[in-house]
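The structures come next, written out as structure tokens.
In the two assemblies presented below, chain A is common to both, partnered first by chain B and then by chain C.
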Partner chain A sequence: MSSIRRFLNNSDINRFRFYFQLFAFVLLVYGGYLAINIGEQLPTFACVFGEKRGGSCYLLGFQHQMTFPYARLFSGPGIGVLIGLATFAGFFIIFNKAWCGFACPLGTIQDWLTILRRKMGIYYSNYSEPVFKGLSTIKYILLALLILIPMAIGNSFFGLPTLNHDFGVPFCMICPGRTLLPLFNGDISQLTIDFSSKTKMVFSGLGMGVTGMFLAGAFAKKRFFCLFCPMSALHYIFSRASLLRLTKDGEKCTRCGNCYRVCDVGIRAIADDLDHKNIVKDDCMMCLKCVSACPEDDCLKATYLGIPLYESTAEGFFRRRLKKDD
Partner chain B sequence: MKGVYSRGFFATCLSLVLLLGLCPDLSMAKTDAIWIAPAKAERKPSGQPGQPHHPEGHGESSAQQSGRPAQTSQAGRPGRPEQAKQSGRPGRPSGSGGEHAGHGGSSGRFESEHRPLPVRTYQIVPEQLLPEARAMILQADGTARDLDVETCHTNVFSVKLPMEEGPMHGPNNIYVFDQQIKDGVLEVRTAKWLTIHHSCGWGHDYRNDPERLKARSLESAPLDIVVDNLWDGNFHNALHSGDELVIRVFSYGKPVAGVTLTIITEKGWTKRKKTDADGIARVQLIRDYYPSTWQLFKRTELGKLAMTAEFTKEGASNYKGEVVDKTHYISSFSWKYVPAGDDYNSYSYGLLIGSLGFLGSGFGIFQYRLKRRKPKKTVVFDE
Partner chain C sequence: MIESERQARVKKSTSLHLAMEAAETLRQITEFPDNPESMAYFYDLYQSRFKDGMILPQNGKKLVGTMCLQVPDELIVAAGAVPVRLCSGAYAFDQAGGDFMPAKSCPLVRATMGMLQVNNDTMKDNLSTVVIPTTCDQKRSSAQMLRDMDYPVTVLEMPATKESDEARTYWQESVKQFALTIQKICGRKITAKSLNAAVRSKLEAGKLFRSLQQLRTESNPVILGKDIWLVSNSYFFDDPDQWCQAVRGLIAELESRKSENFSAINRKAPRLLFTGSPPIFPNLKLPILVEQAGGLVVADETCSSQRLLHDAVVFDEKNLYDMVPAIADRYLKPCTCPCLTPNTDRAKKILDLVKSSRVEGVVYQAFSGCMPYEMEQRAIGDMLSREGIPMLFVETDYSPEDQGQLSTRVEAFIESIKVRRRKTQ
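Moving on to the complex of A and B:
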């Protein structure tokens, strides 16, 4: 048992993650070819606009359900909404934010752009701490809008006229998942501006603009989009209940800052926070790079139902370091 | 199988003249054919067989009944605030789990477009249905069953659909058959209507499932029009103007060659084709929607499409003790189409805005990095 644990702790999680992401990408983007359907309420960007997807992102259905008038939302169909949310939460609770680090196709594309940049010898960009804090609130604003805008279709707010259905799935209209993921199925139809109504025109224009920003941003800054992702905001609501955890023993932390330096998202608190045991922050994607970069025994660890899966060890740290230096 | 086409040809010409001049409602185009159309809308809590009942309450069927074209712009388009107000709910139909929105799906007005309805009611057009008429349904799972013949005789009949995942989840084919001897020829008529029963709340297990999604032919149908690719992998109507229709014609489950197919659109475009040796005909649909300005453009604008297939078979046959030496088979089917995406989507603007977003952000990042670059500090000692 201890040799298995030692083997795991000495392993290179980054390499494992690379191949796992590839597998998850194929499964979620091409699974439809094999009639695979993991689920309809996945807590990850398995974009519904991709014809051959192997599961479906929850956000599209969720936004649609938010268009229900209050009378429906608080009656029979409301049960369907609750079941959808519970299924989403169920999926999420199993893997926590590892959905982002290991499965999200849009996250994987960002990681591939990072590899490309690194291969081109271009140094990455990072935000200063105040900019990081400011930007990370945007995802909560987007989450609020993706609930409120569809709600204003089925319900009148303050006696104002209701919105038309072209506002139906506002986040999907600007989501880079909609424009980019169908490309992997050979479908370029989302790369257009829709002139069939003014609303559609504005939203599809925004969508293409965001796609351009996504590509440039993710090339320069690791996991650029994840900081703004409303799915990540929705995750955070359920994160505390998850079975998979990232824990930190503040007593063992020497504040060397290794974990912060390797964090693709740029979460400073992973190094600074010595007080909390459950260290999963709202922007964390549970890539576990911080665990593999930590040189202190048992300081950072990923646990499942309290059982350690991957722990920081001095031995593992030096082995990985030596491999890199070879 | 050999056919004599003169009769079919004249019937088709007659239908075209009537269509253009007198009868703009396609589903009642005055050919020899009988047609199935959604019955008059009447909102009632539950459907009784034989009573007109249309829980969705859309205006289409009443327009059809009154013999005028359905005015798609009048009754409140799906997704438009007028309709949301009228019906007290968002324009898109929904089951417990909700339907898709905003991605080119349900029009809200086309009866066949996917939605969950507990009862669907249809009428036979024109109304001189014969006493021997019978109705059948070929369910989405491929099983067939009879529909209530008695209700059929009122020219209005209902189909009850379970509001759950089951054999009817998906495309269901509804048939009405009748026959009579007319001018020494046995006239065998088939009318077909296709309706898609689906709620996202029942799950998407059949998404892209070729078995559940395929266009089917009823083995016992004397003449059956089967059109491929009318809906997409998720049960949305997928027919656009300009698309190629692949039409297969079957007689008692076998493909028939040389059948005259006539396709007529609401705007008067007509195409006539004969099926090839495999019983297949391919027809490219016309693009016929050109509003004067793009602001008037409606991507959900429905164009109507009616098809008839007919052929005459030589040879003696006996019907109710009377022997005839020719049998004329005629079958009808109608569907709707929406403008093609290319009519309102622009790739060039899309790529232009995408490129601007890319270059603008790239430039912004470059400037940001430049600003944060710290100048080298040099200390000069004064010797």
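Moving on to the complex of A and C:
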């Protein structure tokens, strides 16, 4: 048992993650070819617009359900909404935020763009901590909007007229997953501006703009889009209940900042928070780079149902850092 | 003419005193029974370095002197030069420095300045530059004095705090500028490849040093603290590869001692932690006194040993734009120097070492004139007394005069720990 643990702790999580992401990408984008369907309420961007997907993103169905008038929402069909949310939560608590770091196809595309930039030797942009903090509120605003806009279709707010059905899935309309992921199935039809109505024109125009920003942003800044992701905001509500946890032992921490240094989303608490055991923040994607960069024994660890999966050790740290092909 | 003759005379007598001083310290160190055989490398190293004045390493490469461990020596190595930490522990140089330095200045700074003044004729030409980080007041002020002695000086601007984002950015920029300066001075461009090699070299040393630290905390003592200081001090000037080789040999010997259950000293020796102003050879006065009195230094929190090699550079991308800031982070974020404010990490580190090394008492050394360590003494002492760990605070300098008085205090302290232990058992 201890030799297995030692093997795991000495391993290189980055390499494992690269291949796992590739596997997850194929599964979620091409799974349909093998008639694979993992589920309809996945807590990750398995885009519904991709024909050959191996599972479906929860947000489309969720936004659709939010268009129900109150009378429907708070009666029989409301149970369906709750079941959907529970299924989503169920999927989520299995892997926690690792859905973002290991499975999300949009996250994977961003990581590929990062690799491309690194190979080209182009400097990445980075933000200071206050900027990160400011940006991370945007995702909650987007989450609120993707609930409130569909609600305004079925219900009148403050006596205002209801919105038309073109507002149905506002987030999907601007999500780069809708425009980009079908491309991998050879479908370029989403990469257009829809002129059939004013609303659709605005939304699909915004969608094209966001797609451009997604590509440019992720090239310049690691995991740029994740800072704004409303899915991530929805995740965070259930994060504490998850079976997979990232924990920190503040007593063992020397605040050397290695973990903060390698964090793609600039979470400073990972280095400076000495009080909290659960260290998963709303921007965290559980890529576990922090664990692999920590040179102190047992300081950071990823656990599943309390069983350590990957722990920081001095031995593993030096082994990874002094590897020949590094 | 008379001036230069005087200078030559001072140099000669200082060299003589230095050699005697080094020989005396080495005599005390080797007098202990059961010294590891692999320590011979280090004993010889000091013997040859101090026997004839102050010998700087010579291997045809440019030498860059550093006046603090805050200087990122990876950058110097990557630029093709050899970093030499100049911080001196020699009383002979301290006395020489006394000629022109204030009486109440820190003996470490005074000795370093004394060394550079006495050896002005040769060192000025041997050292491509002397790098001084803006850490404590006295080091900062010596920069100007060195310029007046015609030394080429590079000032490395360091913030007085490490908590804010602004401090981090400032330091990263400062280190970047230092990288540009040093490659200009050394006449060689720093590349991702050369920097990676330099980082790896120091990582390797850090890995070995951690193993050594681990071995010194064994409940069956296999090595004494005085030897650890010799090992870590020699990283100031030794060739890193040879150093690693020697440390590997030492570790192997200690491992076999461990498996044979061999003790280098009485197993019941009170386990102590040493912190405060840094002991640097030949001034290992206090650590040696502590171990002569029957204590065992199982851990230290000093910038001449533990802090030197514990932390590691981590970068995400093997490009200079990521590596240089990563190196900057390594030198600021984990730093526990009392010239930083706030400096809660130092107390935390001491407490962590006390717990992990099962320490029974702490020896706190402050050089008279070393204001930062003197001022932090109270906070550390209070923190330790809350944890029930006794602390001996010693204010001293490089002179051997207080040895008798100090050994009485040290013996009493160690005796009190033994008494405590009997009471609790």
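To be clear about the criterion, the second predicted complex is superposed on the first by the 323 of 326 C-alpha atoms of A that agree within 3 Å, B and C clash if a C-alpha of one lies under 4 Å from a C-alpha of the other, contacts with A are read in each partner's own complex, and residues count from 1 in each chain.
Throughout what follows, a contact is a pair of C-beta atoms (placed from the backbone, for glycine too) under 8 Å apart; a residue touches a chain by one contact, two chains touch by 3 or more.
Quick caveat: nothing in here was measured; it's all calculated off a predicted structure.
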Fit or clash between chain C and chain B when superposed on chain A: fit
Contacts of A:162 with chain B and chain C, given as first, second, both or neither: first
Chain B versus chain C as contact partner of A:308, first or second or both or neither: neither
Contacts of A:295 with chain B and chain C, given as first, second, both or neither: second
Vertex chain A angle, Cα centres of chain C and chain B, expressed to the nearest 10 degrees: 170
Greater chain A contact set [chain C / chain B]: B
Smallest separation of CA atoms, chain C relative to chain B, angstrom: 6
Shared chain A contacts, counted only where both chain B and chain C touch the same residue: 128
Residues on chain A engaged by chain C in the complex (per definition of touch): 118, 121, 123-124, 128-130, 251-252, 254-258, 260-262, 271, 274, 289, 293, 295, 314, 317-318, 321-322, 326
List of chain B residues in touch with chain A within their complex: 78-81, 84-85, 88-92, 94-103, 200-201, 203-205, 207-209, 233, 294-295, 297-299, 341, 344-347, 349-351, 353-362, 365, 368-369, 372
Chain C - residues contacting chain A, complex: 165, 169, 196, 200, 203-204, 206-207, 210, 310-312, 314-319, 321-322, 326, 329-330, 333-334, 345, 348-349, 352, 355
Of all residues in chain A, those that touch chain B in their complex: 32, 35, 37, 40, 48-49, 51-52, 56, 60-61, 63-65, 67-69, 71-72, 76-77, 79-81, 83-84, 125, 128, 150, 153-154, 161-166, 168-169, 172-173, 179, 188-189, 191-198, 204-205, 208-213, 215-217, 219-221
